[in-house]
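For reference, the structures are reproduced in the following blocks.
Both complexes shown next keep chain A, but they swap its partner, so chain B is in the first and chain C is in the second.
Up next, the complex of A and B:
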């Protein structure tokens, strides 16, 4: 700590340059924080189907290819399978594409049986849902967001499914009740959920009748999940619709990857940013050390050893990078609610920002080491005579 | 002669510049007694600063023995020399070489960072050194807010603060006007006479040399004569 005033003063020797360097590093870490958080969210999905006792069966070749509804009976017959339900991707939004709604056509009995204890719906509203063919249960947050209430008619636009009756992509649902999740960690991921009847969907659509997007299974013993997955897939081996059964979490991740290898894209962007930053900050540090070679020589003259001089320059680099990183990461933390709004259904975690501190230390060492070594190797006599 | 603080025996310093070898000092012998104030004079390129650098432990001899304050410097490595410098010698340069971003007090405190003194002790000692050189009232000023004479006094305070036995000064008045130069030289004389500091000053200025108790003249890497002044 006794060296801190010296390091701090040295850092601010050229105020304007230090401020600009700090800003550029801070902006890079702002980007790092934002992208890393998004990447983390996609690698650790909390939305969708979760739980060790849940499996998801999709078409073997792509989750965009459907499966026959009749497969449900065969899956149900597999020993160890406690419940099966089926769902399709509706791809709905309200009025504008930015108003994404996580609308899912469900089979009421099997869906709520499979997710027993996960949702809260009043008995009265559940009964109303069962009795209303066009009925929909909406997440409370979604109802609040658009000011919808029970009794309202909600028109949704599907990006995929046209109606058999008029070829329209617009579907209208009657709001019969609200649904909420018991697990608070799922609250955000489920905040745009709208559940409606699979029968209404299947009968109303102009194509794909009798097919489903995927099956969800609950197994009796989670330890048997892998064996049961193999048994399910074996049922449909060599059929026109071969299947791929996997743990629910894996499915959610695969679903996210429909959008492309997000991790790769984000890392590529970050790589480019940090590569540029290395040159920028590295050059600044080199220049800063070059300008004060006589001062460093004086420190050595006073008895500062090679190791201490090396340490002082590295500490300066570390201080610069850590300060900038903390500012950048703090700003990215502040943007979490905005990103969250943009990535509906994705839960963001501030813990994703922690690698930023490691990245800052690494950056500091990489950019600080060459000038620090140069300072360490300085020949006092030459440096005092400015023969550097 | 009293106990020697500096003893050089057959010291040679050779620089290699590319394919060329330049002998700057050749078989030099010198004794400086403890408490002496020595002025080292001579034309440019005569080897004065090289000799001062060797005595101050900033550079190593090509051959020969250098003993300063009882320590054989030619037997120390870079780390050992750094520690020795911190404990035994203070340096004053022509252009003061103060840290521009630090206050006078912080500049003087620098050598004390290498000690185990507490922050308050360091500050007390640094203020004492500034008081000794008569510039305590400028403690919070940065070097660019000081005159040349004041800056050199701060540099002398920095050289003194760790209580070294020897002060080596390379053209300490070379950048000062006559009045400031005389003040600085007078200060060095006080430090020598009243505080017992051994002082070696490299200078071109015969007037500056008059403040010393002995003048040494160098030319082409050799000591020409040695005289003792009253």
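Up next, the complex of A and C:
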């Protein structure tokens, strides 16, 4: 630590150069932080159902094919299944297709029992929901976004389901209450949720009656999840509607993977960034040591050992890279809310920034080592005579 | 003035090899930016091309009114019969309208590279398929036969997804479907799909009806007449769109996302590379201090010196831009990838490094170079001659 002032002053020997190097390394780490958080978000999706004790059952051949509603009874009888609920894809939007609303027809009792403790709805509003056939519970953020209040009528357009009565795709719901999620990491994924009654939906639609989009199950013991999945699928083997049951997290991951190998794209970009960065900082460090050869020789004359000189140069490189990395990562942390807006349904975590520190140390060692070795091997006589 | 300029530039280029380390920082830094920019934009360009190459101006797609995609749409048999009588449709020799009633579903097929299930479109098509879509060519195996469980796979699909070679068998709802052939169709979006007989698909997924109807018009100008006939019919609640319009709308969102993301990343990288360029050019000016001062002392103007530094930076960044664009072209042009398209199903497309993208990349390189060269050039031009000479 006592050498810190020495390292600090050699670092700032050429101010402009150090500042520009710092800035370009900081920019690289800004990008590193941003891309890492996006990558992390894709690897840890949080949309819809989560939790190790949740399973999702879909049609084996295609998630767009429905399943018979009557399967629920059979699934419930499988040992180890604590609760089962059913949901359909409504494909709703408000006025324009860009105002997507995650509207879900639910079976009230089983849905809230399955997600016990995950949602907050006041008792009074829950009662109102149960009593209103056309009622809907809306996420707080959604109500705020469109300025909806309890008592309002909300017309939604479904891209799929026509009404039996008039063949129209427009469905109107009565706002009876608000719902919020307890887990803050789920907040953005659930921010456009509208829950309404499955019965109202099934009676109202002109086709597909008695079918559901998918089932969700909660199991008593998460360790048994795989076995229970197999038992559920075995129930419907060789039926016209074979099922595929998988842990909810796997289901979401598989869906995310369909967008393509995002991880590969991000790693390729980061690879390019760090490759160019190696040259840039490496060149700066080389130059800085080259200019200081007489000074280093003086240090050696004063009795600084080879190891100490090596350490001094490495420490300088470490200091440069770490300072820049911290600035860059802090900046990328500040961009989290912006990225979050662009990536609805995935949760971003600041812990994804940690590998950045590791990358900074690695970078510092790679670019610091060649000049440090050069400084270590310096021959005092030659160096002082400037015969380097 | 020009003579001076030429002399100074020549001199600075001649001394360039002595400053190889610092100069390579500019070249490599900018090459990195341009390579990333061009590769990411090539993804957007490839996706847009695949969808833009789908359809012809004289072909229409009819969906249920209010549905934005085929997967959400629903037409009854009566609807399709009514549509086939609409004016403007081309007819075959027997006077039957060239209209293919289609049923679109997605099926799970594992991707070859990851092994995870992906949504692949299985499109049931009518008997008029080959007349409605003459661009469709079987390149391997043979056409599927109606009324039996046979299908053909698009070339893109057969390369990206498992088990889509002629002769292989695909399980769908407890039934075995045989892949009988592989087709191409102008490298459009249908090459990501599986095609089979519409009624066989319908009975397999228990759907008595269609998703859409695709018809060939006698000429592109007939569209308005055709559309008006459909929309004024009180029995029908359908939307008719020209195929290119429908597919352009499907590609808009994703192309936009790719472009925004690609440019954001490239701008951030460009800022980093600019600092690198500033550094290199400052050190180049410092290394040439004596040389520049001598030139000034013997009567060279400030402007030629300034310009020579700028031009050096520009040439280096131009080189970097060309290297970066070439790398992107070399590694990624024609590289086949797939993603979830607008219609909830996989679209296979190729990264396309177009000439326009290469030019964009090189322009970016030059801008970075000019910005990075300007301030060092200014310093070179303002170098106090006496001091610089004494310092040396």
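Throughout what follows, the second predicted complex is superposed on the first by the 245 of 388 C-alpha atoms of A that agree within 3 Å, B and C clash if a C-alpha of one lies under 4 Å from a C-alpha of the other, contacts with A are read in each partner's own complex, and residues count from 1 in each chain.
Here is the rule we use: contacts are C-beta pairs under 8 Å (C-beta built on N, C-alpha and C of every residue); 3 or more make two chains touch, one makes a residue touch a chain.
Just so you know, these numbers come straight off a predicted model, no measurement behind them.
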{"item": "Touched partner set for A:132, first chain B, second chain C, both or neither", "value": "neither"}
{"item": "Which superposed partner A:97 touches (first chain B, second chain C, both, neither)", "value": "second"}
{"item": "Partner chain(s) touched by A:384 [first = chain B, second = chain C, both, neither]", "value": "first"}
{"item": "Touch count on chain A, higher of chain B and chain C", "value": "C"}
{"item": "Chain B versus chain C as contact partner of A:169, first or second or both or neither", "value": "second"}
{"item": "Touching partner for A:224 - first (chain B), second (chain C), both, neither", "value": "neither"}
{"item": "Common interface positions of chain A, toward chain B and toward chain C", "value": "none"}
{"item": "Residue numbers on chain B that touch chain A, as the complex places them", "value": "53, 56, 58-59, 78-79, 82-87, 91, 93, 97, 99-102, 106, 110-111, 113-114, 119, 122, 158"}
{"item": "Chain A residues within the chain C interface of the complex", "value": "16-17, 20-21, 23-25, 27-28, 30-31, 34-35, 60-65, 91, 97, 157, 159-160, 162, 167, 169, 207, 238-242, 244, 254, 257-261, 265, 268-269, 272-273, 275-277, 279-280, 283-284, 286-287"}
{"item": "Chain B contact footprint on chain A (complex, rising order)", "value": "2-3, 5-6, 9-10, 12-13, 294-295, 298-306, 308, 380-381, 384"}
{"item": "Chain C residues within the chain A interface of the complex", "value": "21-22, 24-25, 28-29, 31-33, 35-36, 39-40, 43, 66-69, 71-72, 74, 105-108, 111, 113-114, 116-119, 171-174, 205-206, 237, 265, 268-269, 271-273, 275-276, 278-280, 282-283, 337-340, 344, 346"}
